[in-house]
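Below are two complexes that have chain A in common, paired first with chain B and then with chain C.
Up next, the complex of A and B:
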């Protein structure tokens, strides 16, 4: 295969990575932006989404599409409920103190990971894609499901953006982000908003995981990479900026895909981490972030 | 009627209020005067439930609102105009007003009524609150609180840094609220800005109420003000 088609294939792979990453990182960004909580357990919510998706799909039986659609609805809801419960039981009790929430979410990370290991086991299990046609380009065939992943991620992010900018819920979330105390003085139940935000953030990670699990398989250690990449994306994009998060996810996802195909996945991670270091040195507020006031 | 009875409060280990008591009746304007750090803003925050009490009670029409979680307090009809305006700066004028309207489920009718008081805000409707001028920001902070259709209005230094024409506008709004039978509690540094409109004045010193006097008495004998506030 010539260089051109090869690059085309690598870009497609990168776009799939970017799509899933944008969803996952948007969740992390939302939680940091509104709650000022650095959620180290974010990758485990991603993993939990994939594992629950496998569980739902294997119970559903019938046509793979049935199980997949059920998983796409149920898994994010269960993960969101678990996250909201964790917010209520743990984060609220440590009063969202920055240092203590980091330690608390590290604890959460291990609890979720080990619980999955003890119940689901160490195997990697696939979820069958709901459809698996192939589009034939002149040089190679490519799964239509991967195009679906890209389309679905764009649609979900667009939905999130509409909720944030066009609905009363969006006003409540942004008001809480801007000034917690004044939000309280205008009857916004900040505690409930926090539980909802933490659930929503985890649910977005779970959505990304359900989309990726027909390509990648569910495994109890799969949360590490999404966590690292989400942090990279959120820092480069600017903490709390949704638009920045999406742009950075496309940058990092595409370069990760392309470099992984031409060189090695390890080099891709090295370069992404280097990019974070450079951003932190030269533009600490991120590409789209606002400087601290 | 809003009644504070011996409230005490602290920021962490540092006490700020040592037993503040006063009441504001419907259709009355009570002004809180005092030096910097006397506890004026803390008293306002305590009423809103933003500063937890260590002793004392706050009642609104007999209901003990100091027992409520903070986000329930405004639903009882208390509109708060905080010091420094505290607008949601990235939200538009319309969205800031929406936050106020949502408190007690008011709609377009209330918004229209509030906007007739501040026509300038209608022109800036889709503009981000952070881009408004100081005077416009104060209008918006006031309008946001009025969107609650409050029965009690708390204003914390509403005229701070404003031009005389704006101060007149804010003063008109306050007397308008009094005419509509709203209880108004007003924190001010500038004595002359309030003496003309206040019914009673409470002097706050080191987290305690020194005295509550009728404004008429102060208007008659200005030296009393100087004794309490030292201006």
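Up next, the complex of A and C:
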């Protein structure tokens, strides 16, 4: 193949990565924006979404689309419920202290990961895609399911944006983000809002995982990369800014796809982690964020 | 008895008990204790930064592995003996800690945690990237021939036990002197109230940088010693897990105490040793311990002991 088709293929792969990453990182960004805590267990909620999707799909039987659609509804709900429970049992009790929350969520990370290892096992298992047509370009064929992933992610993010800007729930969330104390004074049940936010953030990660699991198999260690990439995206995009997160996800996802076609993925990761550390050191408000208030 | 005398008795007693351990305990537990003492040095290094200066790093595995690879690579590729290789490991730790300190200390709080995590991840990936030299995940073995230090064979179980004990005792003495010295007092002041310390005219940045370098160096000493004593260098020691473990040990034992890191390492090592014979998912225990500690006992074992019974505990 010539260089052109290569680049085309790389950008398609990059767009799929970007779509899933945008969903996952939006969850992390939402939690950071509203609750002011960093959730290190975010990648494990992603993994949990994929594992539950496999479980639902293998129980459902019949046409693969039935299992997939069921998984798309059930997996995020279960994951959100688990996250809300974790918020109630753990985060609330450490009063959302930023540093203690990080230590506690590291603990959660290992609890979730190792519980999945004990129950689901160390194998990687696939979920069948709901449909499996291929579009034939002059140089290669490409699965239409991957286009569906991109479309679904865009639709979900639009939905999230509408909820945040156009509904009562969105106002409550934004009020809590702006000023916790004042929100409390205006009778907003901040504790319930926090549990909801934590659940919503984990649910978004699980949604991304369900979308990606027909392409990439479910495995108990699959949460590491999404966590790292989401961190990078949220930091580059400016902590807590949803629009910045989406822009950064597209940027990172596309460049990750393109770079890893041409260079060693390890080298790409080294450059990315160093870059994000240096962004945090020299421009803590993120590349697109406003300076801290 | 003065608090200093009590502390001296406690630390001296611990060292004596460990000496006695060699003559009383079965061989298997002696091997474990040698590992625990070497790793407790790592925990004490971590404690200088986390327990005494109040800076929570999530990337100390990079210092531990800098020591380990600084030692291992100079043995493997430069043909150094154990002594010079050990020094190389420490130097690698000093250089890395200085560079990371200068950059990471521009941030505070959560950003500091993430920056150290990222730098450590970059070091881990770099070790994997240079697999032809470092042998990556698989790691490499330091041959017994290269583990002779001053004519002492460190691959022999008895010498290894006492080498670990000597190192442990030196570092314990050094850290307990450090926190009594003016430099250490300023670190504690920074932990308690950074703004007030700055108001009093202390250069907070330089003290914090000193703490990062010292903490990183002690961690590198532990990494180099661990590689020399147990004859293996591998990338798993640079992974995130090895950044989380010292945090867990120090939290469990008691942050900001001298004996806490050793107690935490001892307890966690045996807990994991026991569970790993039952299940492969032994990190579940580490996770549960982290959550329970943050929820119910943020002071750890030695910390609770100090609050309830012994306010003199250093």
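What we mean here is this: the second predicted complex is superposed on the first by the 290 of 293 C-alpha atoms of A that agree within 3 Å, B and C clash if a C-alpha of one lies under 4 Å from a C-alpha of the other, contacts with A are read in each partner's own complex, and residues count from 1 in each chain.
Definition applied: a residue touches a chain if its C-beta (ideal position, glycine included) is under 8 Å from a C-beta of that chain, and two chains touch if they have at least 3 such contacts.
Keep in mind that what you see is a predicted model, and the values were worked out from it rather than measured.
Considered on the superposed chain A, chain B and chain C are sterically compatible, since they fit side by side. In the superposition on chain A, A:136 makes contact with neither chain B nor chain C.
In the superposition on chain A, contact is made by A:171 with chain B only, not with chain C. In the overlay built on the shared chain, the residue A:3 is in contact with neither chain B nor chain C.
When both complexes are overlaid on chain A, the residue A:280 reaches chain C alone and has no touch with chain B. When both complexes are overlaid on chain A, the residue A:269 reaches chain C alone and has no touch with chain B. Once the two structures are superposed, chain B and chain C can be ranked by residues of chain A touched, with C on top.
Centres of mass aside, this uses C-alpha centres: at chain A, the angle toward chain B and chain C in the superposed model is 90 degrees, to the nearest 10. Residue contacts after overlaying the shared chain place A:185 against chain B, while chain C stays out of touching range. Least inter-chain distance for chain B and chain C in the combined superposition, rounded to the nearest angstrom, is 16, based on C-alpha atoms.
No residue of chain A touches both chain B in one complex and chain C in the other.
Interface residues of chain C, counted against chain A in their complex, comprise 56, 58, 103-104, 106-107, 109-111, 113-115, 118-119, 121-122, 125-126, 128-129, 244, 247, 251, 279-284, 286-295, 298.
Residues 168, 171-172, 174-175, 178-179, 181-190 of chain A are the ones that touch chain B when the two sit in their complex.
For chain B in complex with chain A, the residues that touch the partner chain are 48-50, 69-75, 80, 82, 86, 88-91, 95, 98-100, 102-104, 144, 148. Across the complex, chain A meets chain C through its residues 38, 90, 93-94, 98-100, 102-104, 106-115, 117-118, 122, 228, 231, 235, 264, 266-267, 269-270, 273-274, 276-278, 280-282, 284.
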